[in-house]
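Structures follow.
Both of the next two complexes hold chain A, though its partner changes from chain B to chain C.
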Partner chain A sequence: MSEHALPRRAPRPKPLAHPNGWWGMALFLGSEAVLFGALLATYYYLRFKAVHWPPLGTPEPKVVLPLVLTAILVTTSVPMQLALRAAQEGRLAATRLLLAVALAVQATYFGLQIHLFLGDLAKFSPGDHAYESIYFTLVGAHHTHVAVGLLLDVWLLLRLSTGLTRYRLTGLWATTFFWHFVNGLAVLVVLTQVSPAL
Partner chain B sequence: MATTEVLGLRARERIGRLDRIWEERPGLVGWLTTVDHKRIGILYFFTTLAFFGAGGVEALLMRTQLARPDDHVLGPSRYDQLMTMHGVTMIFLFVIPMTIGAFGNYLVPLMLGARDMAFPRLNALSYWLFLGSGCLIYASVFLNMAPDAGWFDYVPLALKRYDTGLNIDFYALGLIFNGISSTVAAINFVVTIFKLRAPGMSLNRMPLFVFAILAVSLSLIFALPALTVDCVFLELQRRLGFHFFDVGHGGSALLWQHLFWFFGHPEVYIIVLPAFGIATSIIPTFAKHRMIAFPLVAMAELLVAFIGFGVWAHHMFATGIPTATLVFFAAASMMVVIPSTIQIYAWTVTVMMGKPEFKAPLLFIGGFITFFVIGGLSGIMFAAIPFDQATTDTYFVVAHFHFIIFGAAVFPILGGMYYWFPKVSGRLYHEPVAKASFWLTFLGTALTFFPMHIVGLLGMPRRVYTYQSGLGWDAYNLSETIGAFILTAGLLLIFGNLVWSRFRGPPAGPDPFYGGTLEWATTSPPPHYNFAVIPTVTSPYPNWDRDDRAEDARKLEAGELVLEEGHETPASTVRDGYLDEVLEMPSESWWPLTLGVFVTLLFVMLLLAHFVVAGIFGALCVLALGGWHAQEPAEA
Partner chain C sequence: MRRSELLQWFGLLGGAAAWTCQHGALLFLSSARCNPAGARWAFGMTGWQIGVTVAAAAVALAAEWAAVVTALRTRELEYDGPPPLGRIHFFALAASAGNVLFLGAIVLNGIGAGWWSSCGSS
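Up next, the complex of A and B:
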């Protein structure tokens, strides 16, 4: 497109507002926030009605490992944000590298968490008591979100292998937003999860 | 734009180019792959109308059973299924998809001066998911396994111990599925409203109908997850032996009610707010006067939606929760009166200030205001805790919410059908028959639902399949049933009028009622690209600004804001509506239908407890999403 045609089609070289994809993600995350709000509210609703939490005979939740893992997961917000900035400045190689670093850490976190989850399932079952039911549902919902984030990362890396477009930049922008949200939520979920043992 | 002959050669060339760029494939394939918001709106319209018919037949069967005491047209279990399906259908498969899906889809981009929704393929997906969820829920009826624990599906009745078939699983999975459709539709509307407004349409110049759709969409986004979580809990408990709702294992039966009504009360406003929006469209046109207190009405619409999130426990006044809690929710419930009253005054005073022409759409709005005031007054009565506790689970409640849900929500829908019929079909409806149909519907509604107040106060409980004679309820029940059939006759007359007018009505022209919003600034029916020139807006009633619209014709000749070089629509800044960029929009696609089919099969497999097969369909959904996003827009 020639330079003088710009004002007729778009008044500025760079739009002022966030892209539609970012807004779509923002609203989707609003819905997700209520979803987790309902899960967390259920946890405390059931807990405050219970005499023993966890019920007698159920081991207290592990504390140190989940907290350490969550702390590591939260740090991946940094490479995600840097990847977004690199992409906005058109630095493709840096974008891919930073995204790959984030993906590696997030995937390790996910693997270890699934290991812990299966370990818990071997010790107590969601069919035992309301405590186990909400424990596994809450933690499982969080892990599902991490898994979705991993899929988004992999998809972005695949798309970025053939270059950077505005569409892919918006995708990265939305995915970064998603990860910031999941990481923030991870803190609330893990604090709730370990709270009976504190 | 209807008067092509007065256009210059270059203008005609530009229109020809737009036609070629925006045209979709003809025939069935075109409908299956469409991303045109108008065609999706029409698909929604006819699908929801079919569900409205089903829900109506269910209501008539119930009223027939209740016409006389000790009757046995239906057995108790059949009655429970019909009653539950009536509620589920009218709320999830008729009113929401009709107002958001049909009216919203067709009208919002037109009123905003846009060429499509922000996410056209997502829009198609929300329709296919809606169709899939509706079919899944209705499959239960043909298998004689319809949900049967009431539309609010209270536990413990809905637990496996008391409801052993698949009935409740149809309900829970169907509503989770339906919720996905509504959520993606709502997100799409909010982004469209924020980003795709015509240049110059700052938020304070946005049509009030669009404000209502914005309020509803935000409510859906923030309310539906509570229902989804609730239904997931229910399925986990019924299928996999989790314990959320049984006290014996540390659960709580009231947990269901809290989560359900956290969704369920915003839901009431989700149902009724689009009706407010339709009223604020019809009144200025026929009163020939702009809405008075325009910003207050806009704020009131948003405020109703907001307060709706703080009142849910008023559905639970009789459950034994602490009095302090009750008082908080009673006070919050009374607050709803303020924004509602602002709107009622604004509607009536606008009519009084203008020169009202009482054509059928305005008559329906008159009916709406009447019923809304009556239903609103009985609503305030429920905010008084002792009164609520005395009348809970009686027909008084049924009377109240039918005045709101039928009188206040459906009447504007019916009026809106007449009002926008010329825009969608290009033909005028038959006015005298339309007026007759209004009076028949009005009379039928009053006769059906008003006596329910009295039998309720006389103690008749709701959700019973029959009753004894000699309790003083017989005459009221009979009149309710007669009313229901009169109402049906009125509805059939409306649809008969529209069908007849579709083929025999005189041509309407672009703007038969001299409406103020932008949908009247284009041809009837609008072209695929909606507007040959993206209109520039300088007031809340842009179609009454004749100079601005005359300017559009000049721009078409000069080629300004025509965007005939690609499949494009402009995007604006979120608050002020400054022209920001030009977006390449996606064209027709098979992916929404493909993904819709996979998601439907995923839910069918979950219902049948084939979890491995369900997982395979889940993976196919992910692959379909990959294929969907492999199609990127051309870089400008």
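Up next, the complex of A and C:
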């Protein structure tokens, strides 16, 4: 793909059609939705078959901190969308700033969630019971997606350090779509995760 | 143009839709056969299983044909070309790979439904 430099203050183009990079992300996220649908269905299938959920001896999941962290993560959809709008209008500095803000919040979320994840691993193991297996699989799968999103953010920031091109704009468009998906998924995952304690 | 787009969307979604319908139909049939409420119907699971699987595989193969035909018709374009023709070519390439996977999933689904038809898996 050619990298035509965009003017720094181009008028915002009328949105006609999504680029193929966005459609590629849509196909990818469709398959991811099936994956998480299967994981969530597995969780509830196991839950409704179990007498005790979580099993006796396994602590109930924390509620407040995961919910607060998820709420914070969901707010990053706003700077991501604003960064995309700024890029479409050719405002490179604003794009970088908004992307950096989103990255900082997302990285903080990720660091705290990994801390909680490791704390849970110290208390119970994925091999102990079906609850622990699906708990770590579901939460770990979501954390992996957050990590992928962080890598995309870093890659975009590095690419944007040398200017804005159509290729990079498409990359930002697809990455923003990815984050909206991951943030929406975070709500479903965290509600499922904390549901035994509600 | 209109016909090409229809062919492209069928190629993209046909295999996935066939797999989804087959999965739902076999789940429904297995549940009906293995639960007391449906046991009185006493239908032959194997015949339904083969019929549903063959129908789904036929749709997936037709979708693969549509995707390949569309990809060949637009082969002079780049995969990242401007829409709508660039998008049609891009989707046709993606679908020609995806439908092969869906066909494999349909065959395995059909075999799996037969494997568990002894009603012991729920």
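Following the convention adopted for this analysis, the second predicted complex is superposed on the first by the 183 of 198 C-alpha atoms of A that agree within 3 Å, B and C clash if a C-alpha of one lies under 4 Å from a C-alpha of the other, contacts with A are read in each partner's own complex, and residues count from 1 in each chain.
Everything that follows uses one rule, which is that contacts are C-beta pairs under 8 Å (C-beta built on N, C-alpha and C of every residue); 3 or more make two chains touch, one makes a residue touch a chain.
Given the structure is predicted, the values throughout are model-derived calculations rather than measurements.
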Chain B and chain C placed together on chain A: clash or fit? clash
>> Touch test for A:G90: chain B only (first), chain C only (second), both, or neither?
In response: neither
* Figure out whether A:L151 sits in contact with chain B (first) or chain C (second), or with both, or with neither. => first
>> With both complexes superposed on chain A, which partner does A:T137 reach: first (chain B), second (chain C), both or neither?
In response: first
Between chain B and chain C, the one with more contact residues on chain A is chain B
Task: Applying the touch criterion given at the start, work out whether A:L27 contacts chain B, chain C, both or neither, answering first, second, both or neither.
output: both
Would you sort A:G119 into first (chain B), second (chain C), both or neither based on which partner it touches?
neither
May I ask you to decide whether A:H129 touches chain B, chain C, both, or neither, giving the answer as first, second, both or neither?
first
- Pick one for A:P59: touches chain B only (first), chain C only (second), both, or neither. neither
Message = So in the superposed three-chain picture, is A:G111 touching just chain B, just chain C, both, or none of them (first/second/both/neither)?
response = neither
When the two structures are overlaid on chain A, which partner does A:L35 contact: first (chain B), second (chain C), both, or neither?
first
Running into chain C, out of the candidates 24-32, 78-86, 312-320 or 474-482 in chain B, is stretch 312-320
So the chain A residues that chain B and chain C both touch are 1, 16-17, 20, 23-24, 27
Chain A partner, complex, touching residues on chain B are 118-119, 122, 183, 186-188, 190-191, 194-195, 221-226, 228-230, 232-233, 236-237, 240-244, 249-252, 255, 258-259, 262, 559-561, 563, 571-574, 578-583, 622, 626, 629, 632-633, 635-636
Listed in rising order, the residues of chain C that touch chain A in the complex are 79-81, 83-84, 86-87, 90-91, 94, 98
Chain B partner, complex, touching residues on chain A are 1, 8-12, 15-17, 20, 23-24, 27-28, 30-32, 34-35, 37-39, 42, 45-46, 49-50, 55, 126-134, 137, 151, 155, 159, 165-168, 171
Listed in rising order, the residues of chain A that touch chain C in the complex are 1, 16-21, 23-24, 27
